[in-house]
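Below: the structure, in C-alpha cells.
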Amino acid sequence: MSLFVPKPYENAPKTTEEAIQLCVMANRILSNEGVLDAFGHVSIRNPENPNTFFQSRSLSPEMVTAEDVLELDLEGTVLTKTDLPPYGERIIHAAILKARPEVNAVFHGHPHPVIPFSSAGVPIRSVAHFGALFCDGIPLYDDYDVSSGMIIVNKEEGERLARVLGQANAVLMRDHGCCVVGENVPHMVMGAIYLRDSAAIQLQTLALGQPKYLSYEESRAAAKVMTSTVAMERAWSYWVSRAKRAFPDL
Amino acid sequence: MSLFVPKPYENAPKTTEEAIQLCVMANRILSNEGVLDAFGHVSIRNPENPNTFFQSRSLSPEMVTAEDVLELDLEGTVLTKTDLPPYGERIIHAAILKARPEVNAVFHGHPHPVIPFSSAGVPIRSVAHFGALFCDGIPLYDDYDVSSGMIIVNKEEGERLARVLGQANAVLMRDHGCCVVGENVPHMVMGAIYLRDSAAIQLQTLALGQPKYLSYEESRAAAKVMTSTVAMERAWSYWVSRAKRAFPDL
Amino acid sequence: MSLFVPKPYENAPKTTEEAIQLCVMANRILSNEGVLDAFGHVSIRNPENPNTFFQSRSLSPEMVTAEDVLELDLEGTVLTKTDLPPYGERIIHAAILKARPEVNAVFHGHPHPVIPFSSAGVPIRSVAHFGALFCDGIPLYDDYDVSSGMIIVNKEEGERLARVLGQANAVLMRDHGCCVVGENVPHMVMGAIYLRDSAAIQLQTLALGQPKYLSYEESRAAAKVMTSTVAMERAWSYWVSRAKRAFPDL
Amino acid sequence: MSLFVPKPYENAPKTTEEAIQLCVMANRILSNEGVLDAFGHVSIRNPENPNTFFQSRSLSPEMVTAEDVLELDLEGTVLTKTDLPPYGERIIHAAILKARPEVNAVFHGHPHPVIPFSSAGVPIRSVAHFGALFCDGIPLYDDYDVSSGMIIVNKEEGERLARVLGQANAVLMRDHGCCVVGENVPHMVMGAIYLRDSAAIQLQTLALGQPKYLSYEESRAAAKVMTSTVAMERAWSYWVSRAKRAFPDL
C-alpha cells in the first residue's frame, strides 16, 4: 500500500473541474457522516470566476455525481444549459456567497442536534476544542416569510439570512437547521460536522451541570489549531477515505 | 451513470402490480431507516379497486417480497387465495382506509421516540419544518380492550382508533406506538420517518428549554412545502436508493 | 425466492445437536442486535437431559461456533472432554436452571440502558407493550461477595441470585447488568432485546413527564400476545435473517 | 473453522515488529469501536528499548499501517529517518511514558461522552463493573497554555498533564478529551472503550436518580477481574475480530 498523500489542490481548487469534483466529495462526505440526509445542500465558489458557484441540481446529496452539478450566478440563476431543476434554497448560497467574498463554500442542512438550540433559543457555545470554529458566536435567524413554509426561497429572505449571519461562521435557523460557511470546502465540511457534534455534546453537558465553556481566547487559539493545514489535511483525508469506502463509485 | 429520473408511477400506482411493488418498497424503506423492526406494517389501497388494499402476510417488514403481499377488503378479510396468515392488526388498516377515502397508505409501528409522548401524554408538536406534516395535531388513543393485550385486533377497537385519528395525519397509541396516514405511499413513508425524528428532537428540545414551536400558519405552509412534488421526489428517491443498497434483492 | 417458513424445531429443540445450533444462533443474534458485546453469555437446557445445559466456552458471543459449545451440569461442572475453559459466570446459569425447572434458556449480559436502573434502584416498568414480558416485576440483586469483583462465580452467590430472581422473568444486578430467562431460546432472546429497549424508552419517558405505565392487567394480556407463537415466529425469523446477513458463516 | 487461540505475544510484545503490529491494531480497533475518529492517537513503548516508543505519523487512526509507525524518544523527538511529520501532541505520550515507567501504552482522544464531565467538572465514577478500571479516580486537567489552543504540544504542558495524571489510569482534559494508560496495549484499549461507555451510562444514571456507585472495595476487586488474563483475552480477541471484519487489509 502506497503512503497516503493528500492531493494539493483539494483545499484550493484551481479549475472548474476540480471545484466540481470537490462539490461531489463534500456532498458524499456530509451524507456519509450523517450531517445531510434527503435534504440539505452545499455550494462551492467557481475558482475561475468568483461571481458564479457550483451546486448539485435538486437531488439528495448522497446521490450527487459530477454530471449533476450546475453552475449558478450570485442571484441564484442557473447558467448551465439544462432542464434539470436546481434547489429552491439555492438562494441561501447565492446570498451568502455574494455578501461574503472571502467565503468559498457554504453548507445548509438540518443536523438534528442543532435544532433544539434553534427552537429553544439557547446559544451554542464551545464545550470542546473542535467546536471552537464558531468562537465568534452563532446568531439565530427567525425572520421567516411565513408563506414560504420555513424555507428560504426568495431573494429578500436570502439577504436577511445573510445579514443575520454577518461575519460569523454559522447561523442557526429557528425550527429548521443551520448554515455553515468556510474559506474552502474542507473548512465548511469540518464546520458542519463539528457544529453538529458540538451541539450534541453541549446538550449532554447542560444536563449534567454547569459547563465551563471555552473562553474567548481559548476558542480563538483552538480555532486556529483546528483550521491549520495539518489538522485540515488529517480530517479531510479521513472523511474522504470513509466516503470512498461507503460509495464505491467515488 | 445515467441520470436519476424518478418513475412517474411511484406517487400514484395505476395497477395492482405497481401497488404491490410499492408496498414491498415501503416495507423495505421503513425497515432500513429504522422505523419498523420485527413488528409493524404498512398498507396501500388498491388503485384498481378502492374497496381493497394490499399488505404483507404476517412477516417482518424487511423480509417482505411481492409474493408475500395479500389483498384484503375493508373488513380485514383476506381475498387472496392462500394459507399464509395475515397480520392480526390488519384491522387497523382496514378501519382507517374505510373511514378515510382520501387516504391511500397507512403505517402502523412502534418507533421508539414516539412512545414516551404516548405514555406521558405530552403532545408531539413541530420543532422542525419536517415535522410540520402533523400541523393539525396528533391525537392520543387510550381506549384499549384490555383483553386484547394493547394491540388492535377486533373490529370495534379498529373503528374506535379510526375515530380518534379523525382527520389527522397520525395518531399516537398509548404505551404502544402510532399510525401515520398518507394520500400515497411516499407521503406515508415520509410521515412515519419524520414523526419519529421530530419526536426525538422535541424530547431533546424540552430538556434544553422552552421550544418555540412552529405556529399554525408556519406549520401549514411548511407542510405544503414538504409534500410538494419536488420534496417528495427528492426524499423518495433517497430512501429507495438507500434501501436498494441495503437489500440487493430489490 | 422461496417463501420463508420457520423451522418447527426452533422453539423446542429435540436433540442435543439442535440445542447446540440454537445456542450458536442466540449468541450471534444477541451480538448482532447489540445486547451482548465482548462479554455476557447465554445457556440452553439439554432437551435430552434436563440436568445438563449447553453454553459456549469462554469466548465472545459473536465468535461462537458449534465447536465452542460445552455441556455442563447444574453445578456448573464441564462435562465435555476438553481443555477449553468455560465462563467463570457459568454458575449463574447453573443456579437458575436448577432453581427453575420450567426455564430452558438463560441470558446474562450488560446492556447499557438497564444499568442506570440497577444503579439508581429505579424499577423498570412497562411503557410499551413489548416490555410487558416482565409484568411480574424485575427484582434487583445487590448482595455481592465483594471479593468476587461484582461478578457471580461461586455457588453460594449463584444461589442467592437465583433466589432474588424467584419466579420473575428477569433480575437486575446492581452496577453490573441483568439476567433474563425464557421457556425456550426465542423467549429468552426476545426478553433480552426488549428489556434493553424498554429500559431505554422508560429513561426518556421519565425525562418527559409522568409515564402512564401498563396496568397489571394490560401487562398480562400484552405478555400473552408477545409470547404467542405468531409473534415469536415473526420476531425470531427477523433476528435470524439479520444475523445471517451479518455473519455469513451462519 | 479452526478454534480461535489468542496469540501469546499480544499482551506483551517482545520485538519492535510485534509492537508496531500491535500499534496498528490498537489504532484500528479504537477507530472501529468509535473511540477515535479523525483525531486522537495511541502509543506503545518499545519492548526492546524502554526509552523509545512507537506511534503513527500524523494520520487518522483508521488509516494507520505498519509503514506509518514512527519511533520516538521520551522527549518526543522522532528517531525514524523520515520526512513524514509526527503528531503535534506526541508530547503527551512522551511525558506520560517518561513519568510512568510501568505504563507501556497510552491513549489520547476525544470520546464524546467524557467531554461533558470534563466541562462540568463532574467526576466520572463507576456505575458498572467494567468502569472499575478507574477505581483510583480520574483527575481533571485544566491548566492549559492558552496560546496552544487547548492542545498539548509543548514539553512543559506535557509534564503538567503527566503530573495531574499522577498514578491514576486516566485523566480528563477540560473541554477537550482524556488520556488513558495501560500496562499493555489491550489494557489501554479496554480502558479507552470502557471509560467512554462508563461515562455515557453515568450520564443517564444521573438523569434517573441517585447512583449507588461501586464502593472502593468493589471497584478494586472488579478492576482485578476486568484485567485478568481471561477477561483481557476475551475482549481483545473480540475487538480484533471486529476490526478485521471492518478493515479487510488487516
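All chains are identified by letter, namely A, B, C and D, in their written order; residue positions are counted from 1 within each chain.
Just so we're on the same page, contacts are C-beta pairs under 8 Å (C-beta built on N, C-alpha and C of every residue); 3 or more make two chains touch, one makes a residue touch a chain.
Given the structure is predicted, the values throughout are model-derived calculations rather than measurements.
K.L.:
Farthest from subunit D in C-alpha centre terms, which chain would that be?
P.N.:
Centroid comparison gives B as the farthest chain from subunit D.
K.L.:
Between 0 and 180 degrees, and as a multiple of 5, what angle does the rotation take that fits subunit A onto subunit B by Cα atoms?
P.N.:
Rounded to 5 degrees, the superposing rotation is 90 degrees.
K.L.:
Could you put a whole-Å number on the gap between the CA centroids of subunit A and subunit D?
P.N.:
Roughly 32 Å, centre to centre.
K.L.:
On a C-alpha centroid basis, what's the spacing between subunit A and subunit C, in Å?
P.N.:
Measuring from centre to centre gives 45 Å for this pair.
K.L.:
Mind pulling the residue numbers of subunit A that touch at least two other chains?
P.N.:
207 - these are the residues of subunit A that touch more than one other chain.
K.L.:
Any two chains that touch count here, so list every such pair.
P.N.:
After working through each pair, the chains in contact turn out to be A-B, A-D, B-C, C-D.
K.L.:
Give the list of subunit C residues in touch with subunit B in this complex.
P.N.:
Per the stated touch rule, the residues are 1, 3-4, 126-130, 132, 197, 200-201, 204-205, 207-215, 217-218, 221-226, 230-231, 234-235, 237-239, 241-242.
K.L.:
Show me the residue ranges of subunit A that touch subunit B in the complex, using the header's touch definition.
P.N.:
Result: residues 37-39, 58-60, 62-63, 65, 67-68, 84-85, 88, 110, 112-113, 115-117, 119-122, 142, 144, 146-151, 174-177, 203, 206-207, 249 of subunit A touch subunit B.
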